[in-house]
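This report refers to the structure that appears directly beneath it.
Going by the order they are written in, the chains are A, B, C and D; count residues from 1 in each one.
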Amino acid sequence: MKQFLEDAKIVIHEAIIPTVWRMVFYAPQIAGAARPGQFVNVQKTGGQTFLRRPFGIVDADTAAGTVTIIYRVVGVGTREMAGMQCGDIISVEGPLGKGTFTTAPGRVLLAGGGVGLAPLIFLAKQLKDPIVLVAGKTASETFWTTFFESYAHTLYVTTDDGSRGQKGFAVQALPVILRENQIDRISVCGPTVMMRTIADTAASYGIACEVSMEKRMACGIGVCLGCTFEGKRSGKRYKVCSDGPVFPAREVF
Amino acid sequence: MKQFLEDAKIVIHEAIIPTVWRMVFYAPQIAGAARPGQFVNVQKTGGQTFLRRPFGIVDADTAAGTVTIIYRVVGVGTREMAGMQCGDIISVEGPLGKGTFTTAPGRVLLAGGGVGLAPLIFLAKQLKDPIVLVAGKTASETFWTTFFESYAHTLYVTTDDGSRGQKGFAVQALPVILRENQIDRISVCGPTVMMRTIADTAASYGIACEVSMEKRMACGIGVCLGCTFEGKRSGKRYKVCSDGPVFPAREVF
Amino acid sequence: MKQERIAVEFAGISMKTPVMGASGTFGFGIEYSDFLDIDTIGAIISKGITPLPRAGNDGVRVAETPSGMLNCIGLENPGVDAFKRDILPQLSRHDTPLIVNISAGTAEEYGELASKLNVDGVAALEVNISCPNVKEGGIVFGTRPEAAADVTRHVKDASHKPVIVKLSPNVTDITVMAKAVEAAGADAISLINTLTGMAVDIHTWKPLLGNITGGLSGPAVKPVALRMVWQTARAVQIPVLGVGGIASWQDAVEFMLAGASAVAVGAYNFVNPKAVAEIAAGMDQYCEEKGIGHISDIIGKIND
Amino acid sequence: MKQERIAVEFAGISMKTPVMGASGTFGFGIEYSDFLDIDTIGAIISKGITPLPRAGNDGVRVAETPSGMLNCIGLENPGVDAFKRDILPQLSRHDTPLIVNISAGTAEEYGELASKLNVDGVAALEVNISCPNVKEGGIVFGTRPEAAADVTRHVKDASHKPVIVKLSPNVTDITVMAKAVEAAGADAISLINTLTGMAVDIHTWKPLLGNITGGLSGPAVKPVALRMVWQTARAVQIPVLGVGGIASWQDAVEFMLAGASAVAVGAYNFVNPKAVAEIAAGMDQYCEEKGIGHISDIIGKIND
């Protein structure tokens, strides 16, 4: 799994909703190597950040040589990114992470909340007819469904306030989904509490589950040890950035 | 002399030669107050510099509310500025400096070298028929003459290599200029050696001379004491930024 | 802005906000009057005043560094007599406390200087025992607890004003210094002064600064300043004035949570001459949004 | 690139360039092999190795700061035995010196650890007496000259390798520490390790880092590192490895002019994983343009 550093030209940059942006840049080496679950570490050179910022890969178009990310504006780095224009150059390191999503055949449930849904889009594209569960606080945070429509067999939606789909948390939709579908495997990415509750439910149903973790990172390539944790079953020390970010749920929760 | 802090929109930004740029921005309060010899302290917010950068005011159009500077790209700050586009916002503090050029009536010689010519343009505009001496290393560094053409009574040019005008340093042109014109006063801005030699010659001819000084600055408003020097005659401590940048030559050399 | 919500008393001085202009970066305050209403800020801390006039260091005195700057001004100032004669009267029109920052060569001279400043218009003294840019005194007083205590005692004995002792960060254990000056009677502590740094010109092979080394300040040093404020605030009973890299109200709030009773803005004034006022306004807004009754309620409330 | 022009010998180790990857920021080198040819760099300095495996600190371990970062990893590492068994063999394919960075709780343990590293594939030891992120030992060894000398002696006695002692910048006088370890037999000194700093989360009122304080590094600290290298290089006879905030070949040249015989790049590797190679190339180019016959010709040549 080779990693690259590319000065990538931004080819599409648009706000999906005012706080969430989609950026497509030309980084052919990274595009050629990317696999679902991997991420890139980006930086606007000459800006105010020191460290790079990690974002899950949403799509990699080998033919066009482009990579897509979707990011939420939360702080100085993402604010700076949102100010960039098409044609601007962004420095991109990737694809990072050896712990990727499983793409083996089977009926897979993809469950995500918030920007955690971003890397699941890339996974959905590489699976056959996945079942997708989009969880959001409120209807306006469920725009993600549009990105899954062409890949998903069935799309479920939950919102905390019930403004779209089933009212409640993602985990509350599981019994119905598992009843209505013959699920072999679950891949989850979202807030920790969501990942934990889904992992617990999956375990109780005896269904394999993998989760994509998020930790503060400095290097993204396994050298700083800023992002490590101890595997729950194995007791092994893992680096989220290089051993992950995707891990079997039973090693995490 | 009131000072302002304005977020100024860039309205014209062009390279005169590849390394020297002209920037015009909309800063009506500063434009309304500016006087020849004063400077502005600018910063691209969100960039890589910490301190502001000082530049002499080249023109202030009260009606249009615009201020012009001309700067040479020499380091990180000016490189960053050169990357800015029309429509971008630059933070501008000014007009700074209480020691301004004398604009009283008389036949005045303006002598400048390199970017030292920038503030003399503003002065030329406010004087009646000044004599102007443009000094440069080589012909391509004498483009400054175009900025003086409409104001100058007579334009003299020297180049170190003789590729345009008289060959030699600025000071070597003085005997001829002083013979051909009845000069009451000299205002100089340029490299220290140029200012000193002209000041010495002026003194030997008994002609009043003022020079515009340049020192590393942190604040630009007289609080940090980064830019002070001791007056040669008075023994007084001066701040280049607030007591100057223009001083009687006899206080400096 | 609900001024009363952020009005504080620091070392016995009433201030309209907890945000002051730091010594050497705020002149005597009046230089900023085009940019902010100096009658509404916390306090003005003057440039360092010495017994006799000083011309400061030769050569280049300021240099930019990543997110900060170096300076080696060398305490240029007109001396205490000229200060009292020429500058103090100009400031008396203003209704903002003036804290006079003082430096001297011996503990006795510190005392004499302090006694000359027992005059109207001086709200307090900030005793600079930590200037890295002068040869005599500075280093010894700022790095040896006994010497620091000695200076503090001399100033306390001579002065009728609250005495704030300003510590150097260039020490192994800041709490040793803090406890020494507290025991010697200091009414408050301010920190940090600058970290000693340097820059080299790779074209000329010469030091960039005239004095070779200089004091590093600005956002670059904020993490160090914050750590030292946190350590000091829990080591002493007297209030701490937090200084070092403050460039936003968020920074100021961090310092207060870490234990500072008030803060001062230094080098960032050069970037934004309205900073002292804007930071206070931001803190007021923070109180509003967080439902904090008074800014003092957050002092030292870090949950560590 | 005329490699011979920038090839150096540092503490008896031949290196192809004077630019190394600093401990804790360069893994074991192989992690960078997609970004640069690790057979062409100066040296790899390993993550800190301890006698027993360590899990490091809990909670958030890294945070960005203006032009820098804080870390409180807490010396997570597999321990010396696993290092020798699992990692060292992987590195033996490479033709670049590996300097093993070591930490322990007592001077005796430092010695035992050093003796376990008298093996092929280890070019030298870098003795970390300055880790701010662990409770036992670190602070005392890094700030007390006698303790530092004691550790140095134990390592020297036990080791057949060149011994580089890495100093902490969190001290009043770096030259006191440098002279102490020189007298105790150190073959070289490296500095600086990180400055102790802190950050506070103003939303949760908690320290941002799991360990409350952490080590500050990156361009923000460069002026302090450069000053300490300059002070140290003129205080001792042994060579100095300059570390702290290096992010460009210009920075590296500054360190060498100030007295460093070689340099290491730390946090900036995270920003540009090719930095160690690109900085060396830039130094070579600088020699070319300046007509400098060999990079060593500039060591300590600052004209101060």
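The criterion applied here is as follows: contacts are C-beta pairs under 8 Å (C-beta built on N, C-alpha and C of every residue); 3 or more make two chains touch, one makes a residue touch a chain.
Just so you know, these numbers come straight off a predicted model, no measurement behind them.
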Ask   = What is the chain whose Cα centre is as far as it gets from that of subunit C?
value = A
Message = Quick check: how many Å separate the C-alpha centres of subunit A and subunit B?
response = 55
Task = Using mean C-alpha positions as chain centres, tell me how far subunit B is from subunit C in Å, no decimals.
result = 35
Task = Quick one: report the Å distance separating subunit A from subunit C, using the average Cα coordinate of each chain.
result = 47
Request  = Send over the residues of subunit D in touch with two or more other chains.
outcome  = 65-68, 218-219
Contacts with two or more other chains, residues of subunit A listed in rising order = none
Ask   = For the protein chains shown, what form does their contact graph take: line, ring, star, complete or other?
value = ring
Ask   = Among the chains present, which pairs are found to touch?
value = A-B, A-D, B-C, C-D
Query = Contact residues on subunit A for subunit B in the complex?
reply = 46-48, 80, 83
Message = Going by the contact rule set out above, which residues of subunit C touch subunit D in the complex?
response = 65-68, 70, 143, 170-173, 195-200, 202, 204-207, 212-214, 216, 218-224, 226-227, 230, 245, 247, 250, 253-254, 257-258, 286, 298, 301-304
Task = Show which residues of subunit B lie in contact with subunit C when the two form their complex.
result = 2-5, 43, 49-52, 93, 216-228, 230, 237, 242
Note = Note: in the complex, subunit D contacts subunit A through residues 24-27, 31-32, 34-35, 47, 55-56, 60-69, 71, 73, 76, 78, 218-219, 267, 269-274
